[in-house]
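The next part holds the structures, each set out as structure tokens.
Next come two complexes built around chain A: one with chain B, the other with chain C.
Then we have the complex of A and B:
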């Protein structure tokens, strides 16, 4: 049975989706390109939150799947000389899934801090491979990824790359993003998703009612890896280059930051968090050399004052207003 | 080919060791020419420049002087009314330590949101290969101060149009260090290496090795240490290097990392146990090198520039630059300061030339045409911009460390600076692109192996 979103969710999401579709006609290309980054990060955050918010597992190693998505694309360019976005996505997902299948097999045997540390350690292995095997991965120089063709149609000769990123590429990412959100909605509201939440809330009880805890966790881990890998594959044409930076654990920390910023107890929180973080970081870097301080202060404020994140807090405020009315 | 002696080959490279020049009597002359006539009408809106460098982290001791050199030049130009006497320079700064992903976004933001006319700065050779192609996409006139990896113009952007770069090609570092070593300590045989584990470190290692193999046959690498960039603990590399009992230690560790490394080396008497050659030790802001630093070692400056060379009285442009820089910032410039300063002077010169030809404010195409093949006299000496790969070339220099009672920090001995004509140590125009770099294959194929001293 496929759950249909309740009407009140559609009331919010349909206008927002429509707004996203008309956006390139309203705002400057730079803003659209920036939002494209936000959407790719949001896909990663959605995948990440299936583990954190719904299964109760805090991964500190999601940079590995994001990075494998990106490097999967770069290898397709390097070894097969293909520049079709569909092939990129396929390659990115295959690479990320392969690594998630391997790492997940090891990691889901543990929970809590052990799970977190193990995911972090394994992701650092991938980082150091990308870093050390420079004759394959380009080391810190990274690997370049050219502008891809979308559905077989390449960039017109002489076309401005920004115009391409802010228009055709934006729509491409937007459609994948919306499909990704819908599929994730289905997943978390399906019996499988409910089982994950049961595992999160009480592992022992879940086991007693017949949920195969480890197997379900493994499935969640894989889905999470696929989403994050997809995000990496979509991100790399925006950056034009993939470097070991995105495989480093600090990038995993960013994915955690997105999710905490938006609120991990809600479905839409991580999406909002990823988009907001992307703006926050870009403007902090652009306007002060103390950008790290800005991000640090925001994080401390979030943890102390808004543990529910943006969406969680907004929901609570709305509830209170409704009760008061 | 008959026998080649090291002495003859070094002579053929044109290597010179700077002799102390008695400061000439009389005041330093200002080289400024008579006010050039500006043709046509020039708009008076500001000329916006984005400057990206390291403001945070261990790399800031090397990077921040870049911004100071830039600001010094901008203030000087603005004091004359701006570019062509009208357009004042307005600078937007950004921290390079944000990582390549954020740096790419920042470059786009500067161009599309702030509307910058020129992008400049950048220190790390990990960042220019990311930013170069983006600048080309954005059609953004860019003059990188550093980030001098050969990879940028060898592979990432082999046919640049909008991007230029000022400091010497990275491969010159390793070659210069090897030439200075071969001149100074031709008896070394066992060599230890400690380099940062990324493209710069490997580039320095490769080019030092190929050059030394040609100049001093029979050497052997007895230790290779590859600390990660940004490491502050070098103890294991230092003790391992000492354990290998080398005659010489070679290192391209830079910035704050190097300060930590030499201080830790002192505790183990590292520098008493072997000779030491560095590609970039003295590249930091000069006051960062303490008096405790070992004397008489080859203290590289990225093969570019040290503030006391050309020595006082010999090259007025340097005297003026060092004085102005000191008056403005109460410290001495490093090679990044000189690079950033010369960048703006080169821009100014190109804009003025273009104006002289066509009148009015020149568009980017006209400025690019003037930059290609440009030559300028800077504080460090003559700088030539190669028209094919838009890379700046100036004679490579390195020197020997020395304590001087007149300065509270250690300096390079101006009487012993080693200068090498750049054309003798880098791949020339038309040389095919090679692996790992064009200069590497050029040295491998064209340098003879010396057979006797």
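Then we have the complex of A and C:
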């Protein structure tokens, strides 16, 4: 049986989804392109949170899967000379899944701090390879990725790239995003998702109930890697370029940041966090050279004052208002 | 033979600095169970502070005086640590370790930019200290004498730390707190004070590492996170929380890196990270770690 969201969730989500569909007709293309970035990050955060929020594993190496998604696309362009978005997605997911399958096999034996460090060390292996093998990966210059054709239809000749990204590409990403959210909802509310939460809450008890802890963790790791790889594949045509920066461990830190900003104890938190983070970062980078300082202060403030993140805190405030009323 | 000696000295040079960084990281983890992601930035602060102090005094000051101000970086890093622990970390000891990691990641971002605010975006150097002692002739090649100074300082620091942790009363309290914080507290140890002292000592070591290497390498933005990752490899190989492990890990990383640079430069970094991953697989707690 497929779990269907309860009515109160649909009451919030359906109007928001509709709003997202009419948005390109209302706001400037630049804003839509910015939101498209946010949505790709949201897909990554959604995948990341299956591990952190639902399985209780803090990965500091998700840049590897995001980056493999992006480099998978770049390799398809470089070696097969194909520029179809469907092929990009396929290639990105295959590359990310292959790495997640290998790293996950090693990492799921550990938990807590050791899991974090191991994922970090392994992701740095990928980064250093991308950094050093410049004849394959372009080194720090990275690899260019042209604007792809969507469902076989390319960009019209003479069409402005920004208009393309802010309209057709936005809808393409939006549909994949909505499907991704729905699938993730089904996953975390399925018996499999419940088993993951049992593992998170008490590994020993979960094992006694008959959950195959390591196998379930591995499956969660794979799903998480697929989502993050998909996000990387969708991100790279927007950026037009992939560089080793997205493989560096500080990018993993940003994925953690998205999730905590939105609130990792909620389903929708990471999505909100990723979109908000993207605006925050763009704003900070645009207005000051000290953008890392701004982000760092926000993160420290969040951890000290609002550990529930945006969604967690909003939920608590709403509950209190409801009780007071 | 001479090339071998030079490679050996280079490995030891690298290992000395790595030991100072990783030893501090490991000490802090051993006592407080916190992985400080901003530790590399503390090392960078040490490097910048020394380069800045040397630069201010450069106008005609005798070289001996310049060497005397080398430890400025270590003191600056220690002072920073003494401020950070009570203000940012102390409220988090009772929370999940995810939050502890995150706050130190936030601190990493903040320090990265504070360095830029204070010392500007351009690299600082203190190369006059590197050039002053001249060089030695080893066989047919010449080798900078300053590198030997770094190796000696690294060795002395390791010995001093060992004596401090195993031969003094403070060391006993430190180890007791590390083994069982509640029991130590019940026996009358002021745990908060031990924590701030341990954190300060760890930062002092990282700052010293930065201070002694800056005449040779200079101080640049981004040196902190890079050093942190290598220090991670060291503590993972040696065992989190173990000083002997940090020493062995630093030596291993120093040698592997030196061999890697001369034999397989493309995958030198990858080999280091793979080494950490393999050790974690075989001995999850590291070579000297407690499970």
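One rule holds in what follows: the second predicted complex is superposed on the first by the 325 of 325 C-alpha atoms of A that agree within 3 Å, B and C clash if a C-alpha of one lies under 4 Å from a C-alpha of the other, contacts with A are read in each partner's own complex, and residues count from 1 in each chain.
The definition used in the following text is that contacts are C-beta pairs under 8 Å (C-beta built on N, C-alpha and C of every residue); 3 or more make two chains touch, one makes a residue touch a chain.
These figures come from a predicted structure and were not determined experimentally.
Annotation: superposed three-chain arrangement on chain A; chain B versus chain C shows a clash. Using the contact criterion defined above for the overlaid structures, shared-chain residue A:246 touches chain B, although it does not reach chain C. Look at A:120: by the touch rule set out above, it reaches chain C but stays clear of chain B. Contacts of A:112 after superposition on the shared chain: chain C is touched, whereas chain B is not.
With both structures placed on the common chain, the touch criterion links A:303 to chain C but leaves chain B unconnected. Which of chain B and chain C touches more residues of chain A: that partner is C.
When the two complexes are overlaid on their common chain A, residue A:289 makes contact with chain B and with chain C alike.
Contacts of A:273 after superposition on the shared chain: neither chain B nor chain C is touched. Shared-chain residue A:104: touches no atom of chain B or chain C. In the superposition on chain A, A:38 contacts neither chain B nor chain C. Of the two partner chains placed by the overlay, only chain C lies in contact with A:129; chain B stays clear of it. On chain A, the patch touched by chain B and the patch touched by chain C overlap at residues 131-132, 289-292.
Remark: chain B residues 55-56, 93-95, 98-102, 104-106, 108-110, 112-113, 125-126, 129-130, 133-134, 137-139, 149, 151, 156, 197-199, 202, 229 touch chain A in the complex.
Residue ranges of chain A in contact with chain B, taken from their complex: 28-30, 33-34, 37, 131-132, 134, 139-142, 144, 160-162, 239-241, 243, 245-246, 281-282, 285-286, 289-292. Across the complex, chain C meets chain A through its residues 35, 37, 88, 91-92, 95, 97-99, 101-103, 105-114, 116-117, 121, 225, 229, 232-233, 236, 240, 265-270, 273-274, 276-277, 280-281, 284. Residues 52, 58, 60, 106, 109-110, 112-114, 116-118, 120-122, 124-125, 128-129, 131-133, 249-250, 253, 256-257, 260, 289-293, 295-300, 303-304, 307 of chain A are the ones that touch chain C when the two sit in their complex.
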